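Below: a set of structures, written as structure tokens.
Look for chain A in each of the two complexes below; its partner is chain B in the first and chain C in the second.
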Partner chain A sequence: MGTYIARRLAHAALTLLAVATILFVLFRLMPGDPTAQVISPALDGAAQARLKAAFGLDRPLWQQYLIYLANVATLEWGQSFTTFEPVARIVADRMVNTLLLMSAGLAMAIGFGGALGMLMAWRRGGPLDIGATLAALVFQAAPPFVTGILLLMVLSYNLDLLPSAGMLTPGSKLFGLWEIVTSADFLSHLVLPTAAITVYYLATPMLIMRDSMLEVMGSDYVEFARAKGLSPAVVMVRHAARNALLGIVTVASLLLGFAIGGQVVVETVFSWPGMGKLMVEAATRHDYPVAQATFFMLATLVVGLNLLTDLSYGWLDPRIRTGHAR
Partner chain B sequence: MAPRDGAPPLLEVRNLRVRYRTRRGAVHAVDGVSFAIGEGEVLGVAGESGCGKSTLVRALLRLLPPGAVMAADKLAFRGRDLLALPDRTFRREVLWKQLALVPQSAQNSLNPAYRVGDQIVEALQAHADMTGAQARERVAALFDIVGLEPGLARRFPHEFSGGMRQRAMIAMALALEPPLVIMDEPTTGLDVLVQERILRRIAEIRARVKSSILLITHDIAVIAEMADRIAVMYAGRIVEQGSTAAMFAAPFHPYTLGLQNAFPSIAKPGKELISIPGHPPALAAPIGGCGFAARCPFAQPRCGDARPPEVAVGPPGGPAHDAACVRLADVAEIRRAAREKSTWRS
Partner chain C sequence: MTAVLRFLAEQWRIIRADRLGMIGALIVGFALLVALLAPYIAPHDPWTSLRAADGRMAVLRPPSWEYLLGTTSLARDILSQMIWATRTTVAIGLVSGLISILIGANIGLIAGYYGGRIDEVLMRLTDIVYGMPFLPFVIVLIALFGRSISFVVLAIVVIVWRTSARVIRAQTLSLRERQFVTAARARGAGDLRIIYLHIMPNVLPLLLLYTAFNIAWAIITEASASFLGFGDPDLVTWGGILFDLWTSGRIRTAWWWFAPPALAIVVFVAALVFISRAYETVANPRLQER
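Presenting the complex of A and B:
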């Protein structure tokens, strides 16, 4: 297990290095001169050169790259071009907000999807099997901004059950992460965006779980568990679903890669003050330091969650844990 | 067929039938099987693949897939009518406590996600009122009985060799000392040395645990070694059953004769092996006459007329021996001809 973890960690580190490098290149290949935002082209040549030297932009590219990497590693992102706040501080809060919404949505999608898939396979061809397949595919085909806006329309504007935007009611006096996430205000704001993410991502884990359940249910150890005289519920959950989970975990890590797209859209629709919304804002305002930081931190988030999935894979399948290849 | 003293047999099966409904009509996998197992007895059920042995096991354990229909005139365990038991009661009171299984695919019957010992603990705690510590103690004792290091209980199935898994499955079957253990091909898929060791271990265990065994196998040699009585199955029916000694010394049914020809004998080394040409029939349509008639070198036109009844053929007063063949009167001639290889060429 130790080497397994070490290998996964090395993988994650390498992925992040690649992301940082791509960002470095990308921001230097973009049309238009990003430095024009700070170093006005109206200044005379000597002043421009002095400013460039002050930012280190006169050095050779490889030196700039190394300095950049060191800054990335220490989360030193500089200042926002628009608010002049340190980028790290802006990003930190947003990161937490995104993490809250994303993990709630994905946990619901995977949890509900897994449970539904399990029951669907157990009663294969039954009404739940057919109905849930249809519903999940409809929701998956509908873009999250459509389901999101429909949810807002019905539950927020028409029925006035839930707040329509943001993470907290404006002027809220809550302080500290724990106080916020346990407050009714936060939770009621969380419901709609979470629902939008859940229904959008539900289909994949559900259908995968159904599929791997069907496969596992045909295996000898499930039949044997029945022969042991265990109750059907125990056979379904402890013997069949436990092994079918591996399939879901594999999918979960794939799902995470796509999760960002939906996250950006949902945060924008629900005005959720997270990284996705920040990314859109930064991109439209040409706030490059912030944009760079949001790209990198979202990538970090995905890589980190992927790492968690990999580790849970090791926990779920003892053959991986003990280093036996089969 | 049943032991002839007054007590009811451990398991009594009369006219058991199992049909699978398929798109092409019903398949009669088990077609009127009757047998009984006495207390402490080992009954071997022999036959080729596809003759209904596995379906018989599934029917007894109520593990038939959906779409299978089972019926019987009588299915009784120590006099208790199993047919009348609701599933829940059967699961809780009969399975594993009374009737345990060493499955055909012992290699894949352990759940890869759990430690081997925990899987036995699970079976124990599902049926007996035991604390975790008591159950683990019992597992250690069981491992000792089957010749596994008690420490191995904490290992996962993938860390076990084939022979070790087979022993673990036997330990699991013995967990609650059930009166009847069904062993479905207990040595198939193991190499010869491991097979031999497992058989010896089963024999040792029999001396300590008084369980009856229903031994299902296509391997005549295993049956010869272990069984007190043998039932030979063909095309979903029992064509002959009797004591092991009688079945080997003087078989009556042509199929039994053919099966014996097809296996090497330790008593007669160098014996030429003769196989029975053809395959068991697909059981899609019910067979009117004798199921073996199509492959039987001794078949006559009347074999297809009606299903031959099981007739007592043993010596009067001796152990029961029944065979279902219309040419029982010609048995001496048939036995002689069956030894010739040319007889079995189609």
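Presenting the complex of A and C:
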């Protein structure tokens, strides 16, 4: 297990190094002045020269690269071109907001999807099975910004049931993370964006759960549990579902890789003050330090979550960590 | 020529055997027809602001006999925009879907067939691409190099091949040990001949399945990027129409402006998913009994 973890960690670190390198190269290839990566063209000449020296942009390229990597590792991204605040401070708050929305959406998708998939397998070929399969295929085809706008139109604009934008009502006096996330105001703002994400990602865990349930339900030990006279519900939850969970973990990493894209558009549609919205704004305004930092942090999120699923999979399935399955 | 016809007949048989696959094929066929005929069937120019009979600008008109799908806040005809957008969106989807499957299939086949160091290097490369958040990468690339269609396609292609490469590699790994491969090698067939003439035909259903998937992903990603304002400003796309609606601030009232592009995206992507399901039963016969 130790070497398995070490190897996974090394792969993750290597991937992030590659992502940072690709960013470095892209900004050098960009048309125009490469120093525009960290130095706002709005500053006067003396301030530009000072920043150039501070970021080592007057040195040879290979030294610039090493300085760049050191800056990435220490989260030193410079200042925003638009607000002149340190980028690291802007990004930190937004990261928390993104994680809140993303974990709510993925938890709902996996929870609901898993439960639905279990029921579908139990009544295979029934109306729920056929209806949910078709619905899942259609929802999967609807990009989350389309579902999001539809939810906004119906539930917010027309029926006025839920707030349409932001994370809190403007002028809210709430303070501190715990106070915010437990407030009714925050939760009512959370409902619509979470629903948009859930609907989009529901299909994968649902169909996987259904398929692995069907596989497990035909196996000997489930037959045996049934023969012992256990009630069907007990057999399903305690014996079949537990083993089918492995399938969900496998797909989780696949889901997470795509979850970021959905996150970006949903945050924009619902004006959720997260990394995705920040990134879109920064890219639109050519605020390169912020755009770079948000991109790298989103990449770190993807790599970190993939690492987590790899490790939990290794923990659940002994064949993986010993390397026999490879 | 006969080989091509036989290939097409075989694909038709696979898709026709699956009712949803059949519906998907009809939808894709219809979209292709609209895309090809766009210049002839669009009633107006998609960029021209139209004047009504009384001489005033036809701004935000709901659907009527005159404007079948209504007009935008700039008095543009939505039906004509939809027809031209079908042309660009379908073209972007097909081009990036086909290039990416070409890359993914080759990387998967080569990594799976040769194994060892080549496999290790190619799979690390795939891991790195998996570390790239897809849509954010498209946004960064376009922010740096400009809002042009070629960078949209490039950004999509560079990322979307990754899943097909992994899946095709896994399939190739198991095929390479089969008897027909050993037999071909014993007859003196070279590596390239074995890969493309013996192994590839066996991964073909999987390849077509992922071609449909890649096109679907390309279209969703292009639509998302355009919706966020990173599309080519000189072209109309489904996502671009939604961006115009979103920035016009008329989202609360102009449902006729929202419904056509939204439905087009959902229906077209669903059609591709239906087609890929038809291939899934061929690629993985175990699924058939479910």
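Just so it is clear, the second predicted complex is superposed on the first by the 288 of 326 C-alpha atoms of A that agree within 3 Å, B and C clash if a C-alpha of one lies under 4 Å from a C-alpha of the other, contacts with A are read in each partner's own complex, and residues count from 1 in each chain.
The criterion applied here is as follows: a contact is a pair of C-beta atoms (placed from the backbone, for glycine too) under 8 Å apart; a residue touches a chain by one contact, two chains touch by 3 or more.
What you are looking at is a predicted structure, and each value in this text was computed from that prediction instead of being measured.
Looking at the shared chain after the overlay, A:V302 reaches chain C, while chain B stays out of its contact range.
In the overlay built on the shared chain, the residue A:S80 is in contact with neither chain B nor chain C.
By the touch criterion defined above, A:H239 reaches chain B but does not reach chain C. In the superposition on chain A, A:L16 contacts chain C only, with no contact to chain B. Look at A:A225: by the touch rule set out above, it reaches chain B but stays clear of chain C.
Between chain B and chain C, more residues of chain A are touched by C. Contact residues on chain A toward chain C in their complex (touch as defined above): 11, 14-16, 18-19, 22-23, 26-27, 29-31, 124, 137-138, 140-143, 145-146, 149-150, 152-153, 157, 211, 214, 254, 257-258, 260-261, 264-265, 268, 276, 279-280, 283-284, 286, 291-292, 294-295, 298-299, 301-303, 306. Contacts from chain C toward chain A in the complex involve residues 20, 124, 127-128, 130-137, 139-146, 163, 216, 220-221, 223-224, 227-230, 242, 246, 251-252, 255, 258, 262, 265-270, 272-274, 277, 287, 290. Those residues of chain A that touch chain B in the shared complex are 219-221, 223-231, 234, 238-239, 242-243, 316-319, 322, 324, 326. On the chain B side of its complex with chain A, the touching residues are 61, 63, 91-92, 94-97, 101, 103, 105, 108-113, 122-123, 126-127, 156, 158-159, 172.
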